[in-house]
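In this document, chain identifiers A, B and C correspond to the written order of the chains, with residue numbering beginning at 1 in each.
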Amino acid sequence: MRTEFSIEQLQNAGLAEMESILRKCVHCGFCNATCPTYRLTGDELDGPRGRIYLMKDMLEHGSKPVSEVVRHIDRCLSCLSCTSTCPSGVDYMHLVDHSRAYIEKRYTRSLFDRFYRALLANVLPSPDRFRTLIRLAKLLSWCRPLLPSTVSASIKLAVNSQISTGQAHAGSVFKTNKQKRGTVALLQGCAQQVIGKHINDATIRILNRSGFDVHILNENECCAAIEHHLGKEQRALERIKTNLKSWASQLPQFDALISNASGCGTMLKDYGHLLKSDPEYSSLASLVSGKTKDICEFLHENESLVFSTPRNNKITYQNPCSMQHGQRLSKQPLSLLEQAGYKIESLPDSHICCGSAGTYNILQSDLAEKLGQQKTQQLESTGADIIASGNLGCMTQLQQYSGLPLVHTIELLDWASSGPTPMALNKNF
Amino acid sequence: MRMPIPDATIIANRQQLIDKLSTFLTSKQIVIDKTTLRAYESDGLTAYQQRPLLVVLPENTAQVSEILRICCEMNVNVVPRGAGTSLSGGALPLEDGIVLAMGKFNRILDIDYDNRCVVAQSGVTNLAITQAVENRGFYYAPDPSSQIACSIGGNVSENSGGVHCLKYGLTTNNILGVELVLMTGEVIRLGGKYMDPEGYDLLGVITGSEGLLGVVTEVTVKILQAPQCVRAMLLGFPDNESAGQCVAEIIAKGIIPAGIEMMDELAIHASENFCHAGYPLDCQALLIVEIDGPQAEVDELIQVIRDIGKSRGSQYFKVSSSDEERLRIWAGRKAAFPALGDISPDYYCMDGTIPRKQLSRVLTKMTELSKHYGLRVANVFHAGDGNLHPLILFDANKDDEMEKAEEFGADILRLCVEVGGVLSGEHGIGVEKRDLMPDYFSEHDLNQQQRLKCAFDPNGTLNPGKMFPTLHRCAELGKLHVHKGKLPFPELPRF
Amino acid sequence: MQETLLPENQDQFAELARFCLSEKKSLAISGNNSKSGFGYSVQADIDASMSACTGIIEYDPAELVMRARAGTTLNEIKTVLTEQQQQLAFEPETMSALYSNSREDTIAGVFASNLSGSRRFQAGSARDHLLGFNAINGRAELYKSGGNVIKNVTGYDLSKLICGSWGTLSVLTELSFKVLPAPAVIVTAILDDLNTEKALGLLSTLATSPLHASGLALLPGGIKSALESNVTQANCTSLIRFEGSRTSVDARLREFQTSYASQMSVSLLEQDESLQIWKALSSASPVAYHPVIMKLSIPPSLALRMSQLLNEIGNCNWYLDAAGAWFWLGLETTKAVENINRFRSSLAEENGSAILYKAPDEIKNKVGIYSPAQVTLESLRLRIKESFDPANIFNPGRLDYQK
């Protein structure tokens, strides 16, 4: 597609990168077909092609974003379904990330929006604050109907979440009692250690059982995805650098950095790109990205897992967007679940987002609700008894709508290899 | 390329139009903001852009009817738009016209297996229809390469084809009925769940009318039972000519494959790069031949085609061994256009049809033209029906490349006409080929077509500026000029 | 009877049309008048026939296209195509039995009347095969539409409008149409012991089976009724046609017998017998002897109900084709008006068409050859007619409702 950047603009490395992304788009419109929001509204402005056009216009003119443009870019889930569909190789992710940061810098949101986005950016990445906020939200659930939609959506999510018991064990090491095959590091995830510790526990058990020592990565609370997607570019970069600094000395001993929340995995895999022109951190960042593996990807590659107690439950698998579109991992989790004996019911429109998308189900609650309901209806139409997913965010989102138990893939794999029954299944299975 | 001169009064009355529309549409259904309107300024053809007066997103037929009635009353131009994937600029907006975007018409209304048909709103994508019925072994036959995104209403307007239309026909051969809103706001239904409607075949003439005769809101399509067996073959050749001869011989032997596609080297590489379909990279020309039908027939024909290929010097032969592999082969072909976006910032996709025997002459001439203009050209070709898709690669950011590409394209189309072919096989005329129409049609031909337009839309406010290079007023076209005729025809034989 | 003018080429016809325009004369246009029984009677000042404009202009079998002049006979075209193992896939057959004459159909007549045969549900009708034409409009202008290639969207598809317009829009002078390979082998499976309901069920299953049967008909009067006129008593016979290469036809027949007709007695009609019976079905022969003939085109799911209605009415003969999507129906003149209205009202809007192919003038004038149409649609049709023939000089009144 034709672009109109000035020579001066193109001297800016960031803009030059955006220009080269935009040039690849041929405006064919294939992306609209698989865009969850376009499918809901049928409006070009709510599809990737329209957003690309709006971003192009905004960046070319270098102007202050207008509210209508911001509205439609905000409504993008960053699910990257479009990127999987695009035959021309348009790197939508970095284009929209850049534009979010652009908007954050130049656009003044309403006072309440600013407050609430800052609140999310400050609370979610911090386990302690997050835990406190969930407790508070649960207390406030009675007044939900009186509150703005964003607040109300947050409270609903909180009410549906359970705070994990036991201490997060940052920095500790879990040694394998099998023949040792290597050493890996586990990223606990900021929110996951608060409301999904059981997922981390299952991951550690499975890795140990497969012959890997597991070091709990000493994270600086969060991988930076939340701030990054809220367009808070500077803060995200600082956090990434802090993470890199604190991991630098340990890194060489790890065969892989394991992520079991695909949202975080996608972020870590992008560290290298984000810091590619940073003289101090570029090589470290690309080392981290290179070593990052989703747990399913890692187990699939290592073929070391023995399913000693295979299961035959009927499950359907909800592939998180960050997994299937962000990291291009689709076969691995399914293949592992099949090896573990599960009967997988195929899910229609499995490439469409469930509406969770980081903070999307808080900030765009009405679209998120429609997507959540749609996804739930499809999940339940498969006739499965259990929904498996690879990302805590999706699980929390779907829990609001579905009566079926939501279980992380890794818990199911753990269960089939002599681990305990997954928490969500305890009641009925 | 010139569009009709915008009417300043209409533009000045924009607010009045918004007020009228707002009485029955929500604010989310009318795009007013000038920045966001820009996202609608092009369809699949980005060479031309025009910001529309407004974009309106109706949700049901009653709203479409009311919008058209108001526009008719205020003499506002209307540009209908489906998924905005037209490659001929069929949905290029007008400065003084609204875009009627049918994106919200995305529901399948009825799946009727007993009557072998599906009723869908016009914004439903082509592929979604097949997906809705494939679990029962059915499919909708026309499959344009953009089928993942293009809408069935758009397919009707453009009479879309695809890679299987040699055997299964174009849209026009695969639909049974439509609901159509005329520019006056009147709603008519043509056809239904049966084959032969009474009187003039209006359904037939609506199909392929490029949104100039009415707005399609609902379509009844035929669905077919998937064949028992489908296999795709890849045949690689050292040159285009042998591949072309192979196609001619297959058809001369009385075989009508479900699809025969030809790709040249550049297209092979670009598609393989995106799809990893397993195309051989050392061929100058690749044929994809798909055979479907009863197992015994398919097995028999694969052998025949393999032998024909061999006798024409094929250097590579492979038959798909699974449906997955077959679909991957097609995915590569279907992504061939946009995949070129990865090797060239812009491409200009042409769409002429030629008598197949002229292929070699046309390709040779095209190579000459390519040298002359200094622009690369990739070729993707529906070889069975003679529909060429040369893709001219260029860089729109370079000064004159866009103009050169356009001239190159026009030369190719003139060449198609010269060898007995036509300007468009399936993409439509739109704005892109509009000014070439006189190269193919005489004034009488064009006037007759425009008179038909007048029968549907006497004020000419539905999608003006498309298809016809010069717009005549209906009153002027309708005048009957009577010349003194002479009988008695002494030379005319009589019974 | 007034004399008939025979222009020998399109220029002569254009000249004739110019004369008619300036002298305010109207023209009755025909080929060989083989289907002149269709429509209301035409009252025109001058008769003209295209039967002297003949000859195949271009035919290259590998291109799958033929171009011929309007008056070329269907038989000549079929003969030439057969030599190349090709055919007109929409299976046009002469309607001369229906209209009690022995005149030869011209190719322009085939398209102007949008003929089609039993393969209709798969191969379409004439309108699906006309690629382009030259014609003279009611302004005496020679114009063309479409082209000589099989895939073309250049300009409006006027070929569709011309097909089935019965010479009321323009006078066709040259036509390009699609030709396709003819099957080497044709075999018809005959089942005699199924009642209508079961037979319809079977035909409908076959219509969506991958066996690709290219003819699915039901003859309540039995085979004989198709080949000999006025046979009243026989078995209700289902006919299932398979076409293709020997290997393919044999394989499908085997599968048909094992998977669809295992408990039934099936007899086979080989090549020539098959050709004969389907030719009869495509030309409405089984009901041709009736004075009033209609063709109903309906959603196949209504076929059973329609057959019950027809049996209830009695005094009529029918057979169905295209797996229940078509009924050819022969009626007696008594109560014809009442019965036609009854069929039409049973096919409420959108549920089908009921075209009156043959009837005495007084019946045509009472019920119309077409069902009454929506007002908007009717006025649109008139505007279309006017856009081609503003002075109404071509076949005036042939399709106009005159109740």
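One rule holds for everything that comes next: contacts are C-beta pairs under 8 Å (C-beta built on N, C-alpha and C of every residue); 3 or more make two chains touch, one makes a residue touch a chain.
Predicted, not measured: the structure shown is a model, and the values here were computed from it.
Asker: Between which chains do we find the greatest number of C-beta pairs in contact?
Answerer: B-C
Asker: For chain B, which other chain has the most distant CA centre?
Answerer: A
Asker: Which integer distance in Å separates the CA centroid of chain A from that of chain B?
Answerer: Using C-alpha averages as centres, the distance is 39 Å.
Asker: Just give me the whole-number Å value for how far the CA centre of chain A lies from that of chain C.
Answerer: Distance between chain centres: 61 Å.
Asker: Taking the mean of the C-alpha atoms as each chain's centre, how many Å separate chain B from chain C?
Answerer: Here chain B and chain C have centroids separated by 29 Å.
Asker: Mind listing the chain C positions that touch chain B in their complex?
Answerer: Checking each residue of chain C against chain B gives 3-8, 12, 15-23, 49, 52, 60-65, 85-86, 114, 120-121, 124-125, 127-128, 137, 139-145, 147-161, 163-165, 169, 180-182, 184, 204, 207-212, 244-245, 247-248, 250-252, 255, 295, 297-301, 322, 325-326, 349-355, 370-371, 373-374, 376-377, 380-381, 383-388, 390-391, 399.
Asker: Could you pull out which chain B residues touch chain A in their complex?
Answerer: 28, 31, 33, 35-36, 38-44, 46, 55, 57, 83-85, 101-106, 123, 125, 127, 146, 148-150, 274-275, 335, 337-342, 345-347, 396-397, 402
Asker: Name, in rising order, each residue of chain B that touches chain C in their complex.
Answerer: Against chain C, chain B makes touches at 112-116, 138, 158-159, 161, 165-166, 169-170, 172-173, 177, 182, 186-190, 192-205, 207-209, 225-228, 248, 251-252, 254-256, 293-297, 300, 353-357, 382, 385-387, 420-429, 433, 437, 440-442, 444-449, 451-456, 467, 478, 480-487, 489, 491-495.
Asker: Tell me, which parts of chain A touch chain B in their complex?
Answerer: 1-3, 23-34, 38-39, 41-45, 49-51, 53-54, 57, 66, 68-69, 72, 85-90
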